[in-house]
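What follows is a group of structures, each given as structure tokens.
Below, subunit A partners subunit B and then partners subunit C, in two separate complexes.
So, the complex of A and B:
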């Protein structure tokens, strides 16, 4: 008998979920009206058209679906879509023109203190902040295209901004033109996977105080200052591309006050500096490619116990530079295209240790304007003599087993 | 006449050398001297000028104070902070009115906002549930 009641109850629940269609040709004309009519578990389908409704608040557990990308226009006045209910699904909208205000950060879509929200397949164009997750758990942000038109000297928000959240999945988004493409602050146990973050004003990806996260197979290209991972521990960075971050203070990857992390199988190509490390400890840098950078890695004296193993250094102006004389990091079995040693016993490793730190990279670190003498005859001569008899560069700053052939990465 | 002219040139050069004026922060171009981040928010920036007239720029008041205290050898002349309400305008820190609170959310989580008048300070103290502070209190907040 009890079973029967349960089954009946189950059917009741299913049949209760109704679908409300919004559109010019339907009885419900506005989204706000539809939300007012809806109950938890309902589906709202918005048909094609332009909806100029400011600040739509979704405060019920509903599926909010767009058909043929209906446009939600904030008319540069306010926040477009606010989510204030758990388990909301937002799918298939084009959200444009949120307000631009410095004091209250209006967004394309903002989620306030909610769990299990899904934001999928939306196009966000010209918003102050794109998607903002504030104090959320188990949210999914997937396959959105987020674009803004920020300029230098102008305040603009981040593409995907996550604050005090846990268990997020940021997957397959394309972000450009914001301040930071993806911004994590106090976010834990989250994954960033297969995103393309390019041509943002500041960073492609920015981590602050966010532990135990990983970012895998992303492309960060042409951002104002690359990617920054700061004040963080236990971050895994696998299979990413860091490309074309040029500028005085631009780095492929900026590591500051970070520990116990793993950088594996990434590609750093055509950056001013591939990796810049400061206050970094116990990090393993393995099987990465550093190609055609100004500096492959800049390791400041405040770094220790980092392991740099099995990387390819190809065609960088300087492979490594540092501002200290103490050697607290280990280099082992890397391939350096500037290595000029030999391998008599044919074990694949060079018989003479390699000094990745050139004299000139130390000189320019201490005195940047000496760069003007680069590639002059005297400097080349000094560099050669320094290789034989290290005097300015620390003599134990070496790779003991440099590879003879580059690794197939 | 000629000597006067030379004197004038010398004096103007000396004066211009000695200027302790703040240099405007270029948003999204300048980097913070302490945390190395690009400065992108004109509400929270700060600037420090040494006795020799060198400028250091910061993205957060907290960065400036920590920088100042980590390098005690260098004598400092002036501290400037961004006015919270005027985009990227520097005001002298000594005369600024500060508030501090979680809701302010500055780039490096110093969470200080500076105002040029007490009225504004009080208004935002209420709005952002913050506490008021003087410059010396702010300066002593970090070791």
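So, the complex of A and C:
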């Protein structure tokens, strides 16, 4: 009997949900008016048009849907859309021109301390911050296109900024022109999947103090400084593309103080440095492709117990470089296209160990301007003799079982 | 003038050494592209050929050829032809035949296997290096009458630019590493045609590394179009200046 009452009550609630349509031709003309009229569980449908209402606050559990991408224009004054209720769905809007301010970070869409918010299929253009999740749980940010035209790091915010959150899903977004494409700080148990983050001013993905996250099948291309993952443990990085991150301190992937993570099946192509590691430990780097980078991997001497296994190093200027003589990492069964050994017993592994560290990469590490002598005959001679009799480079910096053929990855 | 060039050109093209040079270049280039699975490594081999073999053969062959044809030159001088013309046509004949040999030997495989800006760049630079070292050979052969001495000077020139110069640069780099010497280093490269050529090719071949901090200063100069024009002009000057010095000396020389 009691169950029946509950079910009846449930249906009553459902049937109570009403739909409010906003538009020029409808009785409700403005979005703020519609939100004021709505109750929890209602649906607001906004029809096509330009709505110049800055600071729209959604403080009820509603579905907020756009029809044919209505434009919400912040007129460069303030935040466009603020969410202050659980389980809000925002779908199908074009949100443009949020204000620019350093003190209160106005955003395209900002969610304050809420759970189960869904932000899907929106276009964000020329906002200070794109989507900002502050202290949220179980939020979904999906298939949004986020674009900005930042010129300087200090004058633009991040595309998707997540702070102190848990269980987020960032899926299928396209982000460009912001400071950091995706920014994670104190975000745990979250997934970043199938995003394209390109041509942002600083990092494509910036990751700090965010444990137990994974990012899978993303493309990070042409960002000012690549991707940074810092002060974190248990991160999984699978199937990502890190491409064309060129410049002064640009890295395909910057790892700083990371532990117990797994880097699998990624592709690092045409970066100044493919991976830069500093203070990382217990990381497994497996089945990745390093192709046409300036430096395949830069492993600082502060790294330990990392395993670099079964990777392909193809056409990099330098495969590996390091800044000290201490070697606490293992290299095994990688394919190095610069390997010149032989395989007499035909087991697929070279019979002589490979020294991935060339003399010249050590020289340039100490004295960057010596790059001017690269590929000079003199240097080639020195490099060859160093390979035979290591004196400057650490002699235990070796791959004992270099592969003879590249792995089909 | 045209007739003198024609005579020299035909004479050199029939020469067995030039023929072997062409064949060796061709064998090296074709095999380096065929043996390696990616064309980048083949390009590296050809880069080494351009920086090492091409200068050596150009400078040595031209010096020896000039000494051997001293009687022919004397014969020409007895004719009513200007000295200037004789020397210039000798230079044009020699350098064009060496360039021709380079184009046939290395240029064709480059065009077929690497038909991009890098391949084109290597061909142009290879030709320029050839002409530069022919000009240096003219200078070394006019400096002394003694054949052995002249060839010695030619070898020394080659050795200096191919090996010693880089050694000096490396030494300076590490001695002066506490000072901001990057601009100075860029200036220093202008003093060696082989270094100029190498860095131009490096800007294309190792673009990812050169875009980094180590290459930034060089990128700012050599990577820009004005840097490109300047370094090509410098390479041309490296061909023109030695030749004009030798021409001046030839005009005044008592043969």
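Everything that follows uses one rule, which is that the second predicted complex is superposed on the first by the 402 of 409 C-alpha atoms of A that agree within 3 Å, B and C clash if a C-alpha of one lies under 4 Å from a C-alpha of the other, contacts with A are read in each partner's own complex, and residues count from 1 in each chain.
As a convention for this text, a residue touches a chain if its C-beta (ideal position, glycine included) is under 8 Å from a C-beta of that chain, and two chains touch if they have at least 3 such contacts.
Keep in mind it's a predicted model, so treat the numbers as computed, not measured.
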Subunit B versus subunit C as contact partner of A:204, first or second or both or neither: neither
Subunit B versus subunit C as contact partner of A:273, first or second or both or neither: second
Touched partner set for A:295, first subunit B, second subunit C, both or neither: second
Subunit B versus subunit C as contact partner of A:249, first or second or both or neither: both
Larger contact residue set on subunit A - subunit B or subunit C: C
Which of subunit B and subunit C A:364 touches, first, second, both or neither: second
Contacts of A:66 with subunit B and subunit C, given as first, second, both or neither: neither
Subunit B/subunit C common contact set on subunit A: 248-249
Residue numbers on subunit A that touch subunit B, as the complex places them: 102, 152-155, 179, 201-203, 208-209, 224-225, 228, 230, 248-249, 254, 256, 276, 278
For the subunit C and subunit A complex, residues of the former touching the latter: 38, 40-41, 44, 47-48, 51-52, 162-163, 166-167, 169-170, 173-174, 177, 181-182, 185-186, 189, 195, 198-199, 201-202, 205-218
Contact set on subunit B toward subunit A in their complex: 26-29, 31, 35-38, 40-43, 87, 109
Touching residues (chain side subunit A, partner subunit C) in the complex: 246-250, 270-273, 292-295, 314-318, 337, 364, 366-380
